[in-house]
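In the two assemblies presented below, chain A is common to both, partnered first by chain B and then by chain C.
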Partner chain A sequence: MSNIVKNNPVVKAILSSSRILVLLVLVIFFTAVTKGTFFSYKNLVNILYSVSLIGIMICGACFAVLLGGIDRTVSGNAALSGAIVAMTILRGGVGGGNVALAICLGLGAGILSGLIHGLILSRFNIPAFLLTLATNEILYGFVQLVTSNTLIYVNGCTLMDYIGQKRWLGIPIPVYIMLVCILFAYIILNHTVYGRQVYSVGGNRQSSELSGVPTRRVILIAYIISGFMGALAGFVLSSMNQQASAGQAKNYENNVLAAIVVGGVSMRGGSGSIQNAILGAFLIGVIENGMNLMGVPAIYKDMAKGIIIIVAVAMDMATQPGTPLYNFMKRFKKKAA
Partner chain B sequence: MKKLAAILVSLLLVVSLAACGSANAANANNAPAEEKTEEKTETTPVAAGEGLGFKDRTKNPYEDPMKFAWIPTRASEANATAWGNGIREELSYWSNTELNVFDPEGDAEQQAKIVSDLVAQGYDGIFLQTINPQTLAASVEEAENAGIPVVCINMGADTPHAALVSMTDFEAGQVIADRIAEELGGEGNVVVIQAKVGAVRGINLEDGFQAQLKNYPGIKILDEQPADWNMEKAQTVMNDFLTAYPDQIDAVFAHNDQMAEGAGMAVQAAGKTGEIYIWGANGETKALEYIEQGIITGTVYTNCKDQGKTAARIMMLYLNSNIDTSTFTKTPVTKMPPITVDASNVSSITPDMRW
Partner chain C sequence: MSEKNEVLFEMKNIEKIFAHVHALDHVNFDVRKGEVHALLGENGAGKSTLIKILTGVYTKDGGEIFMNGKEIEINSRDDAADAGIAVIFQELSLVPTLSVYQNILLGKEKSKFGFISDKAERNEIQALIDHYGFPVKANDIVETLSVAQKQMVEILKALATDAKLIIMDEPTASLSSRESELLYKIINQLRDKGVSIIYISHRLEEVFNLSDRITILRDGKNAGVIEKEDIVPSEVVKMMIGKEISESTASRELHTSDAEVELAVKNLTHLGYYYDVNFEVKKGEVLVLTGLVGSGRTEVIRSIYGADPFDKGEIIFEGKSIKPTIKKSVANGFGLIPEDRRTQGFSPLLSITGNVAITSYDKIAKGGFVNKADEDKLGHKAVQLTDLRPANPNVKVGDLSGGNQQKAVLGKWLTRDLKVILIDEPTVGIDIGAKDEIYNIIESLSAQGVAVLMVSSDIAEVLRVAHRILVMREGRIIKEFNHGVATQEDILLASSGFVNEKEAA
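Presenting the complex of A and B:
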């Protein structure tokens, strides 16, 4: 009987990742404290909605991190894309053709930004952190130029109203967009040659190059995907807010990277998965939502969030052979025995 | 063993850092109290001969080349743009003037550095929305001592300077409390969507709101959470409020319009538009449109463009006088009239007044 339980794939998954375990414990705890409100359909939808933007960005930024790089421009791309879409609609009206043009321009800006970053990073040995830290500022400079530092309101655009306000089965549209993005990233990373190349280049660029992997192209495509996802998130954000501003999505890159790291994706590249990165985002989303429902005062929230994240990551490291924490725990257990 | 020691040392460091952080937060919380006392005493006129000095200015501000700077807390915010536009519009009547905008991006030390740099560059006047009154005190004093009047908008520095042109915040909080109490008939539950923790304007609005609510014992604050002035965060916070307190919330007070709009959208998505009163503050264009559409209830409107123009006029007045503003012992404050706007009078805010 115990074997049947142990061999159950769900039980296996839970036991294999302590992040899922922590998530489960948190869900049970918040459900108990809020007398079931936390686990209601409506609230779970709220959590999904609250992580949808970050989730879309992760689906792009994760590629860069898996390659051992980093893309801090997801927020800049989002802001620029949102601003371009809003400005084009403001200038050209809410007609179908113009809206299509606006979206093409917005997403195109993200792709172009990704292309430039990919070209530079694949050809020159510049630290990705440094480059994208600087270019994110440049992108925000462009956003200020596009918006002239004013709020750009979008009124009466059917598509943006639809994305920002409509629901299917009680679930907001941005959640579906996130799910499609996750599916896209999952398939690319796990079921294509390109996905295997990403892990290979992230693990060891030199040996991948020697074994014939087109490393430059792999890096280039990764940053294009990242740029596109950032821009898509920006369009969704502008639809949610029915506006674009010059400071939109600022500092979102920190939340995106935090979620990716909490999800156990190695910053050195080559290991981790999109599902775990998204799990990281959910973990943070669940903590924030749960504490909101409990009415925890704001001053304690950041502290509690930090502690729970450290516990989740530490538990994970303690169960992974090879990590210092694992070795420490092993020695500790031996001594105790 | 060494590793263990290293871990312990780093933990100690983290704890001490956290302690420093909370000390800073405490300082920030003290700020509004000082601000308010300053505002209350400001009605007593400055007695002639008591600290007020005079000096001859060599430049004619309406003819000689004049260089001005506008340093908001964050150039990308809607009201910063509106103030900047107001200043620019007023100054543009005089072709000898030039206005440059600087963006410290919410960083008080950076803002202080910009002010010091501008003093060194010999600017003729500085328009400033301080991020933190204490941090900016030294550099504002430096500017005043160098004969450069500093006219602050909305947030002054903790040192006497030429003038402060301010929106109301404590009073706006009071007005909103009164209006919510009136709408609820003195009985009901309110949730508050707060500004970024430590933001002085948010603290003052909240203080005014809380102080006035003491007159209405039937009104209870169910919960308060910050959404950092941010629309999408406010939407998430409001969603969580609606889940945590189903059918209990009667009214929402958001510390700015962006957050009120976010709350309005969450309430709309929950199908409760019109059932919950939602109040914001500032009076930006979109909030006025949302009031017209019935998505939010009301806001306390300030004509930010006019506020910028007022600041510019005060600046020109000083520069064309022989008043030495560095000898002031307290900052003269002028307040912009707050207009409480709801569906009944929103049309009185004409397009040219919207920002």
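Presenting the complex of A and C:
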């Protein structure tokens, strides 16, 4: 490779990020096996569309993970928000004022849920995994209460139809919503004091506290953002489906966490980026879509997803000093040399 | 009596060399049967090296080791255990959720076809406990026990393997005084049963009370062996230190003796930690709180900073009584260099800039947004002010050496307009060169008029940087020395609750 190509910033970025490289290889592979179907405009838009919901949730859950916590309630918040929006519209009609009220109530429920989680997790030493595992079940209980455990159809709501059906430049609206969320998370994490505080608290809460960082407030805000993003995803999901149900978005939290881990965000907190977490979502999305096109049975798709997660975690461990895998690689490299 | 004086264990002419440094130079050391033998020496005198050789962590470079008169080789921990030598670890190595007897027999369970007779094990261990008269039960779950009781389980673990020589390294460091008393009783009981104990402690008072004999090391050499009846505290201390250190740094005087008081505390009390603490720190003054670990020094400065509460008394900053919180303290121009930099001082994954800037966003951020150029300026400033190496503010602090990590922590505060800096054990685990640089930083802060309140156990360090020294003991200030007046001996004796006879006379 000539130096001009090597020094090109885009080429550099691709070569330095193993994830982009893997993504590229996968795209070429699937394009080849599907004789080009994979790389068609229609299919690429499909991938974008299928990743958009998870992408929105990642923009919230990522904050919790960067703080060394975890938020499994993104799915519960989404389901609850979708259900509240649908019920409010069902009861009060599709008038503009009522739709606005519905959205406020739906997103408000997510913010409230985040506030409660944030208050608990910033003040008490409870593992976030356990708390949100439990409260996610409670949230799904609320969803059943709101929907009376039935499927609720929303018909004739202009805004939801617009979000669910309309395309700009051939690309569905949810993709744009995801992009706005990514931009929001990116700016917060990279250009604000709050973002710096998130990385600092995630890296060492005690030292941050002694440096004057309001650690409790930092944690509280993270879960509020996560609650909001979950609720927003729920509203978008209901718009896509024109309906809400007691089981909607179930298990999405696992896909969200899988994407974050595949994206190389450390589960111990303090390192990782929103770009890479989203990249993780695309890696998983591309594999799912590619295998769909190839006609691979569902069981093998799940297995492949599991293997991808293991490989991603192994790749991260191999670059972190002190882990057995790192030591192994070092010995391996020495032998090779 | 003849049996009592029988030598159990002997080390002769032990040598250990690390990269041309003679860590142990022909050291002799012996322990009799049923004897408590203390090993004394300052940090770096060779105590831990000697212990590591006799427990198989290091191998000796020269000399001989005898057990019961027979020469033995100790090349591994297993060799040491086979010889009947056991260490009571400072960091307790027990499984908290298991019972006492399960812990004691861990890895040594006797099984028949893979099955264990629980009852037989329990009874066996209860018999062992009864034999030595320890206040624990075989059935107790370890996590419900006090620290002292956990130590007893560690001791029982050693005894269960027929250990004849038990090494206790700072066993009372984390014990309350009542728990310590309990441990002393246990030690005496063990001695009466014929167990030999090597005892290491910074607390001279307990060493003098417990020991049958004391071996003193200095600079890797034998400095003396003293029988119980010949112990004179000030003589022992002199042997540990060597020649009396003259006030080598007395030249550095406080030019601001008429400076105004920046910080004062009056009758400050945090029940259970410290009581009726009074002192003033002037602008540009370096006041050092010294004494033993656990004497309440760290707790005092944490209360002043607002990181811990206090019960009674007053904290006065620039003439006004304040109720500190960390946020207010930072805004007031306070800074804290915490006791354990790894857990409290920095975020290892963040760069030097990332760590330094976190204290200063009140100054450099606009409307909640950060400006990368301003942050970088701050990072460079910190690197420059502390002479950090590598001189690259983008390096992760976790990748730096201990001394440079501490400089990064200092950089957090040096880049701000400081009025008071609270520094807790700044040079623990730092090499000599970096230590000196940190002292220079402290001195330059003092020269700029910053009030420095420092906690340190390193007496050479205390003498080097302090304008004034307060000695704390069991939560109270018991002695004050002005600069150039105190010697190492004075401070060591005061910390342990002794009066220097010279002075008393």
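We take it that the second predicted complex is superposed on the first by the 315 of 337 C-alpha atoms of A that agree within 3 Å, B and C clash if a C-alpha of one lies under 4 Å from a C-alpha of the other, contacts with A are read in each partner's own complex, and residues count from 1 in each chain.
Keep this in mind: contacts are C-beta pairs under 8 Å (C-beta built on N, C-alpha and C of every residue); 3 or more make two chains touch, one makes a residue touch a chain.
Everything numeric here is computed off the predicted structure, so don't read it as measured data.
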item	value
Clash or fit, chain B versus chain C on superposed chain A	fit
Contacts of A:Asn155 with chain B and chain C, given as first, second, both or neither	first
Partner chain in contact with A:Gly247 - chain B first, chain C second, else both or neither	first
Partner chain(s) touched by A:Gly69 [first = chain B, second = chain C, both, neither]	neither
When both partners are placed on the shared chain, which of chain B and chain C touches more of chain A	B
First, second, both or neither for A:Thr37, with chain B first and chain C second	first
Contacts of A:Asn292 with chain B and chain C, given as first, second, both or neither	first
Chain B versus chain C as contact partner of A:Gly118, first or second or both or neither	neither
Following superposition on chain A: angle at chain A, chain B versus chain C, Cα, nearest 10°	120
Touching partner for A:Glu209 - first (chain B), second (chain C), both, neither	second
After fitting on chain A: smallest Cα gap, chain B-chain C, Å	19
Contacts on chain A seen with chain B and repeated with chain C across the two complexes	none
Residues on chain C engaged by chain A in the complex (per definition of touch)	305, 307, 326-327, 329-331, 336, 338, 343-350, 354-355, 357-359, 361, 365, 368-370, 412
For the chain A and chain B complex, residues of the former touching the latter	34, 37, 40, 42-43, 46, 49-50, 53, 143-144, 147-151, 153, 155, 164-165, 167, 172, 237, 240-243, 245-247, 288-289, 292-295, 297-299, 303, 324, 328
Residues on chain A engaged by chain C in the complex (per definition of touch)	191-197, 199-200, 202-204, 206-214, 266, 270-271
Chain B to chain A touching residues, read off their complex	3, 18, 25, 74-78, 80-81, 84, 194, 197, 223-226, 231-232, 235-237, 239-241, 243-244, 246, 261-262, 265, 268-269, 284-286, 289
